[in-house]
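Submitted below is the structure of interest, expressed as structure tokens.
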């Protein structure tokens, strides 16, 4: 059998090397694997948009027993750079990706908690890492304006009056558009930067009778969090209809509160969370 | 808890809909899921390239106990169109993808069997379906010449003397180049079109101590196979070095035998295969 | 000065090679140029959709003096393979591209003629060749169902009852959706396959005062045309709104007539067409 | 005739609107045009790499009469954001692109001057604007590490010891790899940030006898230049072979001097430059 447990071990003493790797593809050295085990390190720009959502609509996306929807939600647009031991920063096609996701707030054991119904990225490595954490990732195309702190019409510097945009497209359909105006205030820590955030780790199988499995509620372990200044503002946030991706069911009710920052952190693993049947 | 088992059931009688779906993302209707359960139906053009590979090199990629490498291998370049009930053919961004993979031959219980060490596709839906079957899919960019049966220099018609190309790139590095010359002969059924083919279904986890799990050897169930004419030829096949994707360890020794055809089939599920520890 | 005229000549006798090329970039060998001079050879699948358009709307897109809009228009979705002397078919990333364009019919000197207001492709080589012919090309993402003549749900064979789809997206917005039903009839030769087709070759400049130049009406010279069977049908064709690409101004009025075929031809150059001031 | 000169004028008084636009496609409003006239405003991150190149090799890429190659060259990797009046920053798929280019230094009338033999971008708008300025743009895929000023392994902050990477791929082949180490010094203004830079504006035509035209040496007019801190360092820079794009002829001889900065500027037009026949 494959000795995948030795995914970082040197080639063993047996008569031939045993295929190695934390995830497929397995190879004699393990270098070909799509994703190595955590810790995974991230730095990037995150735009957080807090908005009101119809409570019943949000409730319909929550796992049974997760909690009661509060009618609050947060969307995050991100431009990430990630690495294991630093090598990916020297070959940034392996490090960089863009991401958009939505988090729905619920009261859970008397405390606010967040659950992720939709998330999109543009790289396979990120998709696979997300699935291991309970993020329901698909491929999507994300764009977001980058602030450069220069006094120029193209620079979108982080100061009052600057306007920024962000968009998401999935399978060649635009599903989200945001237009943000910074107002010079200090921004809030919103969404997963402030509130415990959960996902469902799935285990579907087609071996024997196809079965979606029993998804496991879990929470990623975040360490080494650091951030720059948070810049506040307001935003118009729009979700557009699609025959497949039902973001528009979670349409923002009214304008959003915006917060923009550079952040960095490490994911070291995940822990199970309880959920009544 | 999520009632994902009812992934195709109408919204149930409870006070609120339960999120549905065979895979994440789950939604009240299940329409947002990345992948529905099989059957999955495929049609497309497949270029098969049979080549000799160093036995010891191939052996190093085989799961322990799978069998003994014969030194034979097959590469497949494919342009697929897939659907569940036909709707994807009306929105082909959901149906079409390109694929490249390698199969290593081993003697297993006295019979030839194939194992897949590397496979690349360009769509998320295909990636997820592959993982459920034990295909170690990553994203890659695949190009292959399309024959049109017209008498014109750009048409590459299926006849003796026509030359075709195929390439693979992963993370902006070219990893495979093939140049095929059709010779007017009838092509052979090669690779997974002729020989039982196995993959390792992985179950890595980062909940608690990161663990690659115990990969399960499995074989997809193929039904409704149909094919057009197979066109034979020869090919130069080259694998190029990469710091991550170790295809070049399986470099072809000498020229390849080529076979080009349109095929269609359905995947209805998968079955476990035994493997000594 | 650059001796670009010698773009195909061997390196000359001077003390050093002179940069060569029909288009930039220029290099000592000319091999780096984006586009060589014609002839350019094409083969591929073309889906033609004839539809009625508001006459006044179409008229507004015609160059003054071109002719009088008839209210007829044709959209073409294409999957091309192009080559100069055959080498691109061995490295198909250089040969293949997808294309969508619209042609507006006008009466011109008592004869029907077509003019192209919008065209989208997904490769730079095609974009540059198009500009040289008067096609107003931008980048876009085009998908179209591929028929394989097999009896299978995923194969979309060319026969009565088969349904196909085609889409266009530009800058992450979907701008066109078509759903075609083949009806078993023989298809018509539509659009540029049947009627003289004109474009405006532009010559904008930013040297000195920015000036769009005086566009030159022209017509490409087509030779060596050959085609397979034309398959007829009907289609729903929809153009979607965009803040930039005004296709929706040319919205189809009612269903479209569809015709699907494999074709091949060569472009050998272009000729000027007269147009009253 | 098309009244493209009125490209920004309101629809005129004639019986119907005249198609408008600085470049194709022309439309009644001019909104569909790929590129409006300058001024074009840019902000972004630029990584400049100064290197030694074989004099004779460089000389072979210079237009006759441009000057004498000095054996110095600069490569620039850029991540840009561009806009006309600000609207593109709200829909950043129209604003952002990545770019890689090479500049060769020559002595011209006793002063150093730069000429661009190769440049690659990933957006059509940028490609068209470049052609108007004499930049020989093709499509390419560019990646470069982004520094975030946070103390974290993934952040690549702008300080001594930080390592960054940059790559270029064209048609699925990697053509450039750079590995930069910042050393805490102040960076120099290199390349087009320091030295007059020229390009050849091409005017190939296929009307009548195909003719590459007589390229016009020109120089873009830059205004409103502003920059943040320049961070110095060193780099390994490698150009890789391709059958089409001859960058490898200009291979760096030894390590490169690196300089990283955020910059912004506006292009307002271009002026012709003289060149002896």
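Note that the chains take the letters A, B, C and D in the order they are written out, and that residue 1 is the start of every chain.
Here is the rule we use: contacts are C-beta pairs under 8 Å (C-beta built on N, C-alpha and C of every residue); 3 or more make two chains touch, one makes a residue touch a chain.
In this text the structure is predicted, and so the values were computed from the model without any measurement.
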Overlap of the subunit B and subunit C neighbour lists contains A, D
Comparing A-D with B-D, the busier interface by C-beta pairs is A-D
Expressed in whole Å, how far the mean CA point of subunit B lies from that of subunit D is 40
Averaging C-alpha coordinates per chain, one finds the centres of subunit C and subunit D separated by a number of Å equal to 28
For the pair subunit A and subunit D, the C-alpha centroid-to-centroid distance in angstrom is 33
Note: subunit D residues in touch with at least two other chains are 91, 93, 143, 167, 172
Contact graph of the chains (line, ring, star, complete, other): complete
Counting only contacts in the complex, subunit A reaches subunit C at residues 141, 143, 167, 169, 172-174
Interface with subunit B, subunit A side, in the complex: residues 1-5, 7, 16-19, 21-29, 31-32, 34-35, 37-38, 56, 59-65, 91, 93-94, 117-119, 123-124, 127, 131-133, 136-139, 171-172, 200-216, 218, 243-246, 249, 269-272, 275-277
The residues of subunit A that touch subunit D in their complex are 41-45, 79, 81-83, 85-86, 89-93, 95-96, 143-146, 148-156, 163-167, 177, 179, 224, 226-228, 262-266
